[in-house]
Amino acid sequence: MDKRKILLVLISMLLLVAVAGCGKKAAPAAKENSLIYASESEFDGLNPILEETNVDALLFRGLFRFDENNEPKADIAESFDMSDDKLTYTFKLREDIRFHDGEPLTADDVIFTIESVLDDKNASFLKSDFLEVESLKKIEDYKFELKLKRPFTPILDKLTLPILPKHAFNGVEMRTADFNSHPIGAGPYEFDRWDRGNSLTLKAYEHFHGTKPSIAKVIFKFIPDSNVRALQLASGEVDIALLDPVQVGELEKRNHVKIYNIDTADYRGILFNMQNDLWQDVRVRQAFSYAIDRVQIVKGILKGFGEEAYSPLQKHAFHNEDIETYSYDIEQAGKLLDEAGWKKADDGFRYKDDRKLSFTITTPASDAVRVNMANYVAEGYKSIGADVNVAALDWSAITIEETDAFMIGWGSPYDADHHTYILFHSDESSLTGSGYNFGSYSNEKVDALLEKGRLSMDEKERQASYMAFQEELANDPAFAFIAYVNAVYGIHGNIEGVKERTLGHHGSGFLWNVEEWKWNDR
Amino acid sequence: MTVKWIGKRMMLGALVLFIVSFLSFFIMHASPGSSATAYYGGNAQTLTTAEKERISEAFALDRPLIVQYGAWLKQTVQGNLGVSAKEGRPVASILGERLPNTLLLFGVSMFFIIIGSIWLGMTAGMRPGSLLDRGLSAFSIASSSIPAFWLGILFIYLFAVTLGVLPSSGTGSLGGDGGFVDKIKHLIMPASVVVLTHVGLYARFLQESVKAEIGSYYVMAARANGVEEREIRRGVLRNAFIPYLNYLGVTIPSFFGGSVIVEALFAWSGLGQLLVKSVMVKDYPLLMGGIMLTGLIVVVSLFAIDVLMYTLDPKLRKGELGG
Amino acid sequence: MLRVEHLSKSYGRGKRRKRILHDINLSVGDGELVGIVGESGSGKSTLARLIMRLESVDEGSVSFTANGNFYASCQIVFQNASAAMNPSWTVRDILKEPLRLMKGDRDAYILMMLGRVGLEEKHLDRRPSELSGGERQRVNLLRSMLVEPKLLICDEIVSNLDRLIQKEIVELIQKMNREMGMAILFISHDLKVVQHLCDRVYVMEGGGIVEESVKRDGRFSFTHPYSLMLFE
Amino acid sequence: MLEAKGLSVKINGIPVVTNSSFFIPEGKITAMIGESGSGKSMTVAALLRMLPAGALASGEIRFMGTDLLKATNEEMAVLRKKEFFTIFQDALNSFNPSVKMDRQLYAFSAGRVGDDQESFRKKMKAILGKLSLSAEILNQYPFELSGGMLQRCMIACALYVKRALLIADEPTSALDKVVQKEFLKWLRLLNESGTTVLIITHDLDVVADVADEMIVMRKGEIVETGAVADVLARPTHEYTKRLLDSRF
Amino acid sequence: MKSRKKLVFWCSLLGLILAMTMLSDLLATQPVNEMDLDSVYSPPGEGHLLGTDHLGRDVFSRLLQGGKVTLAVAVLSVALSFVIGVIYGGISGYVGGWTDSVMMRILEALISIPSLIFVLAFQAVMQGGMWGMTFIIGVTGWFTTARIVRSEFIRLKDADYVKMAKMFGTPVWRILTGHLLRNSLPPLFVVTIFNLAGAVFIEVSLSFLGIGIPPSIPSWGNMLYNAQNDLLIGAWWIGVFPGLLIFLTILSINFIGEALKNSGRRRFHA
């Protein structure tokens, strides 16, 4: 208890802190040739057929790969032949491709991957993409044949499917395989380290068959909070971050940050869960679609980084402009609700058979834009007499099938079949199948049009059916579309080689050509 | 220190852990229909039926709660805390990854709090009427009224965003192996927040007990008889220390609770952050494990404090206040 | 009226078990003024608690010959007057407590009795902390006397008081004994008070009664060495 | 030896001792008697210069030529250490509960004369023996001893240091009669060895038993002084008479 | 005297905050949830006294409403824990013996676990709204109250006046309320005051972490939760004002508790 001793300890502690402080100044000198990406969430696993992550593009490659224009181009496939009846495809693979563990990538691996997707035991979310596959046959080590049940144009799109190494699953169940946390692919980067709760490190794969990566390491730092992502981008702790629209103005002021405002096919909307009988009457869904002030949302919440949405294919070539766009119309909404039997009472809310017009919009709490949209929309619904609550929950606490309505986000820049069939076809209900039709939306006309669109080989015919699909979907809405959201990325200004293309959901695919990126200062 | 005494303390600690586990288990599993999802967690949709059955069987989910608790307790005693519902990895290994960080933050901030509060409290208590003496209680109340996370936000914006001298969050830098220095840099802000919001409280407590001791009868008797002031102080400190230690023990739980928030704010990947996360994702096995580990840390800290008190306080040693 | 026979009492468990009282025999007759003298630790207070049935008896017996509710005929006054009164109640509330079941005008009765112990009406609305030490002990005495007990046990009731007040209280007790015919068991370590007040005295040492003496010609005569040492 | 003239003490402006003058003759035992609130303890505090916060003393207290009220803190500290010995009422609390007796007794005795540990142990053991205390107590803690034993330890220290003036503030009121008698015996022994004693008490028996001179205080004023025998036989002040009357 | 002045000052500050939040409906300049996406992030000034937030809601109005929610949760939960604490501590202290031992071991265990942890456990199950939070904070905040009640009851039940009361045949409920509880009130009051500060702290902290009161209900914690984003983009007013109010509220509660504690100590030990 000697005071001098205590003082001594105190001083030494202060020194320690001082040393730490000095160390700080020394640190930036050694700039690593690595890229730190602020990832919005941590992954449950890295198996690309069980879960979609934005690491897939780095770790894995498929037979085909989307280019700058989101067109599939041959990658692992060297060439292919198509039979005249458009049912049989013969693929020839490149022979120089090796997985990260050195094993060669052969036809066996491709067949194994597609079979795994189709295997019910694995419950792959990609299964619907390959339902038309009749059979797979190995011809040679680097050659195989794929037979379709019916002609299916988007098959080349689907074959961008990441290829898994068959030998990594010998005698193990895919769902519980060690592979899921230590993946082996044939992409430009290989797995290095996964520091759970913290970060995932990938390192450049020296035997990559394409452009050799220039950046030695890509690190995915898991930062669920958008605020923290922006903050760390500002302070230089991360190099790339997807920004919330409101953050852009402030980060633009930082000299070292370059802003990429990239068009996406990524829309937000309210999913009506048809399990809730409130939505059985189409007029109710239409009313709630009318009562959204999209212009204000784009202006106030998205700060102009986006546009009003009314169709899932708005960013697609098959885009139909002549459908109902549900521009803001409270009167119309009120009229529809009156017709549907929901009458306004003295308290300002509508009732039908003593049931109050009330539901909850569930939204993931970590996504500020969605929360804001939900709050704004819910508040706006008061004007049509609906008592709408917002439940902002953690992603993993959400079971979309159990919500009344969900603030959904989807979108795909690829083939029109992509992210339409799996979302709106009644066979894809997530309750009965492994699809993404979370609201159990069911419309025979939509089903027929989607099937026609996917099976038709004629471009014109496909366009016609997707145009009709959009119209039918607008009349019998599964979602109340709100807005397309631009992906606004903040990137360290010294990175070169970023190629923009229309991105998918949540700006996914931004890293699609990361092997071509490089630091111009290291 | 007798073996009996140590044994008794340990029994008490074990009892504390038992009660904690019992209550937490029942809180978490008593709600209708939650026990199954408790184990499936966010994976409920993706799990196959076979897996669900396997889990149900392993955790006796179809049996009464008390049997489930029994199963859980049996596994836990054997060192198996189960598997995280969310990550699918053993809870023990997840906790193991987090523990060092928590102990680091807890240890370092506790260390500075103790050093700082002893120094402040002694100086202030020994000099009645001085500026420090008068200012300390106001500082103490004020500093303990600031929500730690609020101070944390201000710190982040000052030191990380505006000045850019310290990393805003996390446990260590990525990309480069900053090692020790890097760790310290990341530690400075969270630890400072914890220390600043607590040190006043402890300092003031010590100050008051020093003051109380100085005003006590035996000090008067010693002073009246011209006993050396240094000798008096030594005795005073020893006595003032016993209630201080006791206070430390009493407040360790809430102190620990406070650092949960600081961890979450600074994305300090320790137990606190893990607990918050497992609440959000309803990962009950992980949450149970986290609670038990927290309980263990608290129990061990309390034990350490008890041992210290035991050596300092002869009354305790002589069994006057045993029990 | 009160008869204590072969009374023993121990505390603690196992090795630490300690005998506080052993083989106590004593009696108090109607209207008698009996004293118990002993130093601290002699077991006087324990004895008082046992007589008052506040604790259980290990061995022996305590018998009290009076009908009805025991506490209506036997009362005790404790040494620490402040501790015997609820600090947040007024004197009026405190005095009313024993009269809970009384029929008739309680206030008038209290007022009447108040004068007998030398207190005034103004004291009724004060709280214990606003009274002087002597006043507190008077209120205390009065409260126990309100139920008009046959026997009043006074456990060191004057020890904490200044000499002059001691004198007043002792005189008050004498008066009560005379006027109301109340028997008094006066427990004290102060020999002189006991000598002055009591007609018969028991000397206690180390948990037992070593001697009993009856006052003759205004004084006691002792034979036991301990009593002699105490009384010199 | 010690003389007070016109001593007044006020606490926050309220007088507790008013204009008291008294004299303590060398080599004798002087008793100061009074009931609680009479100001006797405050008088002691004033002469030890250990008044509580907010208390102010005026007048004069002369001790061997020095005015205690005007002495500097350092001079006073030296006086307390070299000339006085003080015993308080509550022996149990006069010792630090968590420090062993040998260390505390050393501070109270040998530490003041500058003896080393060895001679302290030797001398202290002898004195303890004389006071029929076992040397064992040196290895014990205060809470393991009784009030009487601790008060005797204080006497032991007083015997050890042999200061000019012993001030004892109600030293017997927490003690049983038998122990009290013992204590007074030791006090007399100390007095016979040449120490002047000032004993503060409320107990007339103590005064009668041990004191040579007495000072009667009431409500902050001195109402009567004189030799014990004289005062007891012929009290002059009304209050003293009542006090004597109240003896049983 | 000086400390009395201080007490008055802090009491009036707390009173002011309470009054303002309770009268929020009168004082609010805008409906709390009215969103105006044309004027998001307007700085404090005309029209919006303390500016607007990311959805164009009026910060001042939300601050008052939020205070009402936060303080209501705190006060009600403290009331709940007061009742639980008094009952638990009262039974333990009054009955004594084995019951007391068992109850105390349980209480010791509960006390040695950060109450935040129990709050988390409850929260994981309940995902409570405003009432849920009140319940959770209430049922996890009574430990110190129970301990104080118990120790007071144990101290008081051996008091001479309780012995006297038993002898006079005073009924048990009257002894419990009139003697034991009545005289436990001063320390109990102090601990309740500090509990109140603690309850505000817990609500604010949990809501700040996003696991407290649902975001659609404005509370001070929720406002801060959102304000993290806003500070970065320069909208300091959204975070600073609720933070300041939380600070002042807890500060005044703490100062009041402190003053009462000291005055109590003086009274008891005078």
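In this document, chain identifiers A, B, C, D and E correspond to the written order of the chains, with residue numbering beginning at 1 in each.
In this text, a contact is a pair of C-beta atoms (placed from the backbone, for glycine too) under 8 Å apart; a residue touches a chain by one contact, two chains touch by 3 or more.
If you're wondering where the values come from, they're calculated on a predicted model, not measured in any experiment.
**Q** Steps needed, at minimum, to get from chain B to chain C via touching chains?
**A** Step count on the best path from chain B to chain C: 2.
**Q** Please state, in steps, how far chain D lies from chain C along the shortest route of touching chains.
**A** Minimum step count, chain C to chain D: 1.
**Q** On a CA-centroid basis, which chain has its centre farthest from chain C's?
**A** Result for the farthest chain: A.
**Q** Among the chains, which has its CA centre at the largest distance from chain E's?
**A** Here the answer is chain D, farthest from chain E.
**Q** Between chain A and chain D, tell me the centre distance in angstrom, where each centre is the average of that chain's C-alpha atoms.
**A** Chain A and chain D have C-alpha centres separated by 89 Å.
**Q** How many Å are there between the centre of chain C and the centre of chain E, using C-alpha atoms for each centre?
**A** 48
**Q** Distance between chain B and chain D based on Cα centroids, please, to the nearest Å.
**A** The computed centroid separation for chain B versus chain D comes out at 51 Å.
**Q** Could you check chain B for residues that touch two or more other chains and list them?
**A** Within chain B, the residues that touch at least two other chains are 161, 238, 280, 282.
**Q** Give the residues of chain E touching no fewer than two other chains, as numbers and ranges.
**A** Within chain E, the residues that touch at least two other chains are 210, 228, 232.
**Q** Using the contact rule from the top, write out all pairs of chains that touch.
**A** Contacting pairs: A-B, A-E, B-D, B-E, C-D, C-E.
**Q** Which residues, counting only chain E, touch chain B once they are in their complex?
**A** Those residues of chain E that touch chain B are 105-106, 108-118, 120-126, 197, 201, 204-205, 208-211, 224, 227-228, 231-232, 239, 243, 246-247, 250-251, 254-255, 258.
**Q** How about chain D: which of its residues touch chain B in the complex?
**A** 48, 50, 77-78, 80-82, 84-86, 88, 90, 93-100, 107-108, 111-112, 141, 143-144, 157, 167
**Q** Taking the complex as given, what residues does chain B use to touch chain A?
**A** 41-46, 48, 51, 86-89, 94, 97-98, 111-112, 115-116, 118-119, 122, 156, 160-161, 164-171, 173-176, 178, 181-182, 184-185, 188, 234, 237-238, 241, 267, 269, 273-274, 280-283
**Q** Once bound in the complex, which stretches of chain C touch chain D?
**A** Interface residues on the chain C side: 39-40, 162-164, 166-167, 170, 189-193, 195-197, 229-230.
**Q** Using the touch definition from the top, list the residues of chain B that touch chain E in their complex.
**A** It is residues 12, 15-20, 23-24, 27-28, 30-31, 34, 137, 141-142, 144-150, 153, 157, 161, 250, 252-254, 256-258, 260-261, 264, 275-276, 278-280, 282, 284, 287, 291, 294-295, 298-299, 302 of chain B that touch chain E.
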